[in-house]
Amino acid sequence: MNQPLSHTDAQTVTLALIAVLLPFAAFVINFLVLGKSKATGWVSTLAILASAVLGITVFFKVWDKQVMHVQYLWFTIGTTKLYAGVLLNNLSVLLLALVSVIALPVHIYSTAYMNDDEGYGHYFRYLSFFCFSMLALVVVDNLMLFYAFWELVGFSSYLLIGFWFTRDSAVIANKKAFIMNRIGDIGLLTAIIILFTQYHTFDIAALFGSDGLIVRSVITHGEWVGPVGHIPAVWQYVAFGGIFLAVAAKSAQFPLHTWLPDAMEGPTSVSALIHAATMVAAGVFLLGRAYALFTETELTILAFVGCFTAFMAATIALTQNDLKRILAYSTISQLGFMVMAMGVGAYASSLFHLATHAFFKCLLFLVAGIVIHQVKHIKDDNNLDIDPQNILHLGGLRKKLPLTFIAAIIGGLALIGLPLTSGYLSKDGILIQSFEWSEGRNIFFKLVPTFGLLNTWLTAFYVSRLIIKVFFGEFRLQKMNPHIKIHIGDGSWQYKLPLILLAVCCLFPLFSLNPLLYEDAWLFHGFFQINFLVRSNMYHTIIPALVNVLSIGVMYGAWMLYVKRNTWSVPQTGFLFRMSCNEWYIDKFYNRVIVKFVLILSDTLYWFDIKVVDGLVNLIQSIGIAFSKMAAWFDHYIIDGLLNLLAAVVQGIGDFARRFQRGKVQYYLYSMLLALIVVFILKILIWT
Amino acid sequence: MITLTHFMVVSAGLFCIGLFIIVSKKNAIQVLLGIELMLNAAILNMVAFSRYDRVNNGGQMFALFAIVLAAATTAVALAIILNVYRRYKTINPDEINQLKDQ
Amino acid sequence: MVQVMFYVMSFVTLGSAFIVAAGKNLVRSIFMFFITLFGLAGLYVLALADFVAVTQVVIYVGGILVLILFAFMLSGKQALAALDQQKSKFISLKNFPAFILAGLFLVVMLNIILKANAPGLQWIQDAKSGHNIIPVNESMVNNIGINLMTRYLLPFEVISVLLMLALVGAAHLARKEEKV
Amino acid sequence: MNILTLLIFAPILFGFIILLLPSSWRASFKYITLIATLLQLGISIWIYLNFKTGPTNAGINFVDEFQFVQKLPWIHLDLGSAGSMQIDYFVGIDGISVTLLVMTCLVMVIAAVASWEIKGNLKGFFALFLLLDMAVIGVFCALDFFLFYTFYELMLLPLYFLIGMWGGARREYAAIKFFLYTLFGSVFMLLVMVGLYLSVKDPVTGNHTFNMIYMMDQANYIQGSVFSVLSNATLLGMPARTVGFVVLFIAFAIKVPVVPLHTWLPDAHVEAPTPVSIILAGVLLKIGGYGIIRICMSLFPDVAHSGAFWLGLLGVISILYGAFNALAQRDLKRMIAYSSVSHMGFVLLGLASQTAEGVSGAVMQMVSHGFLSTMLFFLVGVVYNRVHNRDIYNFRGLGTLMPKYTVYIMIAFFASLGLPGFSAFIAEAFSLAGAFKSHSVNGLLPYWMAVCGSVGILLSAAYLLWTLQRMFFGKIALKGGDIWKNALTDLNTRETLTLLPLALMALALGLMPSLVFAKINDSVLALVEFLQIK
């Protein structure tokens, strides 16, 4: 493991470490020194800027060149030595660079966005802490540490969702998010423990490496046989299940996705960074890390779950009216897409999509943030009682927020996946590969690509709906309240710069010089085992065309529907609509059934504790007391009783005798004489 | 002929009257009178029997002694009664019961 | 004649004693007691003990009764007032036990006296036969005086000392106590 | 002067000083107590730093491998033909004890600081406090069973009075319940102790002995004696050694507490004054765990091996049952008390696994829980002192009112729900890892136990986060209105100074678990090896 590193390698690792630790330093400085001062924002921003620069540097040094792995002994437990270290390979440096680069505009944006908030200092503290955890998560080489940062990411997300902790909805949302993530965490922990039991190590490189322990183990005869031991095969499935839970929780896959829409209670900039671009992608990252573990069946399960999630979220997004909620469901849908990609073996495409999605979803959220911020200004200026996030109040903002509008268009097109955008490249890759995957399998497997395809059209529809409702038509708020004053704009450079930066990143050149062929993307080549780079079949041509033509059709339909007000419209009362609007009733089901069940169970157990366990103790106690009372009674009445009886007799006699002693001389005399006379009488009687 | 029995019957009657007085009266002085009566009953007996002792006159002697003692007794008893009266404001023997417990 | 005298004297004695017992008024009781004592003195004379009778009259009537009368006549009005408040009747339920007792005693004593048959006792018969009996016409005063100074000297002296002690004691008890 | 002896008896000296001082000096008592505990902490840190590691210092079942040993004849009676009675004052520590000692000393300092709030009868309180302090340290150091038992019983007395006299509304009930429970356990322990005494001979002198180290070696057992492995004696129709193990286990399980025997704990904690709660949760529970390691499992390794499944099962039940019960609470202190039950379940699970990871995790969990529960109870005490109410439903939005307090409570909550970076995470993760590994290493525990145990981690998140959300977040709404609002001031300097070292310790142990693992590792390995021989 510890082969001597060359000078440059050591330098690279150091740079990576610095990139990771800078946000932490910013966090410490903010926490200990700066407090609530506005300087916190700039400290954090500078730190992330430096991190981004270092991240990119490291990226270029490592990408496609070499794998670096450095570790130091952390502690020893029993005979197991735990190492803490850094593992830099294509996957980690990609994420390292991606996270730091995306975090930068969000930081800049936040300095303006959070400017008026009381918790400005807190905000940047948390944000820096999140960046640190996230960056550390991607570079660590050890499952224990991975788990640690995995949870810390969740923790910082918890802090940020509940940032406005005086709002009940926010704190309920962050609790929900943390607990949902906790479910994933224990899954991950279980998986880690299983792997540790099987392989006696926590080292990621040793476990998942190309000739790692997992690759060399097989499942035979119901046993999972590895190089150093074997356990029943079922635990391999449990390990998969654990990792799946972890992924589902972090990346908001069905059935653990419900926290993500609620997590939109946090500041929008946070949603952009954490709940759209980076943290939620950690699940996909974990899939990438642990890819070697999965068997064919397990991958298929992933594909189906991802596909289902994507479809479900897309249908829900169709009918939501909350700006951020639409984007949240869109995120879930896209994440489902990535998971599906992992499942169908499109490993590279999945990560590619992760990268591109990070940019355009972040962009869309920032756009949403600007819109919400501006509408909130209107609301505050005019004392309106409205929800600034409700798209039904908006409209026609393209003239008032021109730059935002352009950014939204770019982001939206990228999300739909039209050519010339980065989304086109990554999405088509996934679709094509999923078709290829289903090739030669039975009809059931065709569902996955079919729904994937369907999904893109749904995406096209809800994105169009969103953009049209917000930016086209006329400002409905003004229509309802004609007197309100409106002076809004794109805002300061802190808003504009991030938008421009991200919008540029959403276009194709960053990833591929050829705007139409995803195979040419450099990112694609960075990952191993890509076996169908050749344009061998018709899918490579038909699918992009099909997707794009139909998407445009759908967008036109949406345009007609919402802008031109054509006659046909979707029935707003149907079962499907209600199902979509209520988010498939999943959350309600959880609250009504599972949460209630747990609460009832805990109440029952508490009742059990009080009544039965404690009751038993009290019963024993009562029996003891009863016994002792009986003994006391016996003691008191029988044993003491005898004594008392004796005493009473004596006393009675005494009392009786005392009656004669009442101090009356004559009485004494009388009795004396009486006695005497009695004696006399007797004497006489005897005598005679 | 006056026999001894006559005297003894009179003495017995006197004694019983004295006894009755002692037991029933609620007045210490009357009780004292009762005592004197009983004493006199006794003296009467002695005097009656002394007739048959010409030489030594034992009965009469003891009658004399008894009379003298009765005088002394009376004197002391009266003194006591006076004292008792001063302390208790009563000479009812029933009420002079401070020796009793309770 | 002598017998009549005896019955009269007995009646006077017992009757006055009965009045003493029945009387409510203390002063009257005392005067009745006076009569009883005289009656008794008469009985002593009939029993041929004239010296004792005289002594009886002198000491009892002259000494004790006067002492009693003086004692509470000198002790103040309240004493007399308190003593007067005797409301109980002679025959009442309260006195019933006393009646029974006295009655029983009387019955028993009479019984014994009659059974004992005193004149038939051995030593009395001996005295009769040995003329150790006081004759009716002989004065015993001389004999008493001799006996007193010879045979009964010790008791006489002891009695005199006792008498003195009693008188001193009585005087001490009866004096007014200083306020404590 | 042996340093351990000094450590044990230092507090009692200060206790005497307090007893001798006139009551008018009562204001100084707390400072004297604080000085005593600080002195103790200093000594324990010195011991910790000078504690030698390495396979030759492992301890467990070799007398010469213990450190800081002092052995003095204490009670030696010549019983003629029956040999002579030999009770030694025998103290010494190995890796298992040393970390617990440091933890205990720190907790004692915190408890002393928490005693500032005590108002009535200071002399009695602090004298008892120091007596308790002595007994607790003594338990961790004693190597002679009789001495151990003496200290063990000596703990009960001051605790009973501390709860019964300075406690809350139902203090008598709680004190008596606590007393009966623990007395129930220790009385039977006495019987087993005597049985062991009669079964074991000192190989040097040939006398019966209470020396625990000798009791671990089967060669020292008299042939045909009750607890000898070879004799296969039975008690009440069951193997004698099983009975002995079960009895000792029950005695310590009450302390831990393990689920069916836990009900004294919520009552005692709720009614006890804050410093006593701190000692109860921080130290007393660890004595249960320590006793299971040092006595139950070491003296009866064969039974520990065959009964591991049941120990593990009890551990898992404690974890889940405690967590569910905590979820149902509305009294903050009661909730934390139940969470203690849940957390101590990990100790039992880790120990039952009899793997190096599991035992290390268990010891780590004890140390970690020592700090964290101290912190939690102290924090509850802060609110309770201000408004004399602990009902979770009566508070809302404390985060706005008491920001510093909320920071500490978040640290404490998240640390105890096993957030990485804090000690509980390492401890719970390795307890579970050990439990899971157990099946493939020594086949003691089935796999599913660890999986069930991990659900406890989820539930702990549920109840702690629910409390956070309910009490600390949201808009300010207090049952007591403005009076409470004024009363609920933020942490003062003394409280901050108390909480800070605890938080730092939890953090330090989480980041550098080797602080504990390095010291205990050799002992744990020796213990695991010792257990596997049987």
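Remarks
As written, the chains take the letters A, B, C and D, and residue 1 is the first residue of each chain.
By definition in this document, a residue touches a chain if its C-beta (ideal position, glycine included) is under 8 Å from a C-beta of that chain, and two chains touch if they have at least 3 such contacts.
Note that the structure is predicted; figures quoted are calculated from it, not measured.
The chain occupying the central position, as judged from C-alpha centroids, is D.
Chain pairs B-C and A-B differ in how many C-beta pairs they share in contact, with the greater number at B-C.
Separation between the centroids of chain C and chain D, computed from CA atoms only, is 102 Å.
Work out the mean CA point of chain B and of chain C, and you get 7 Å between them. Centroids built from CA atoms put chain B at 121 Å from chain A.
Chain A and chain C have Cα centroids separated by 127 Å. In chain C, the residues touching two or more other chains are 97-98, 101, 105.
Multi-chain contact residues of chain B, defined as those touching 2 or more other chains: 19, 23-24. In chain D, no residue reaches two or more other chains under the touch definition. Every pair of chains that touch is listed here: A-B, A-C, A-D, B-C.
On chain B, the positions that touch chain A within their shared complex are 19, 22-24, 31, 93-94, 96-101.
Listed in rising order, the residues of chain D touching chain A in the complex are 177, 180-181, 259-260, 262-263, 321, 324-329, 355-357, 359-361, 397, 399-400, 414, 419-421, 425, 429-430, 432-433, 436-437, 439-440, 447, 450-451, 454-455, 457-458, 461-462, 465-466, 468-469, 472-475, 512-514, 517-518, 521, 524-525, 528. Chain C meets chain A in the complex at residues 97-98, 101, 104-105, 108, 111-112.
On chain B, the positions that touch chain C within their shared complex are 1-10, 12-21, 23-24, 26-27, 29-30, 32-34, 36-37, 40, 43-44, 47-57, 59-61, 63-65, 67-76, 78-83, 85-86, 89-91.
Taken together, the chain A residues at the contact with chain B in this complex read 658, 661-667, 669-670, 673.
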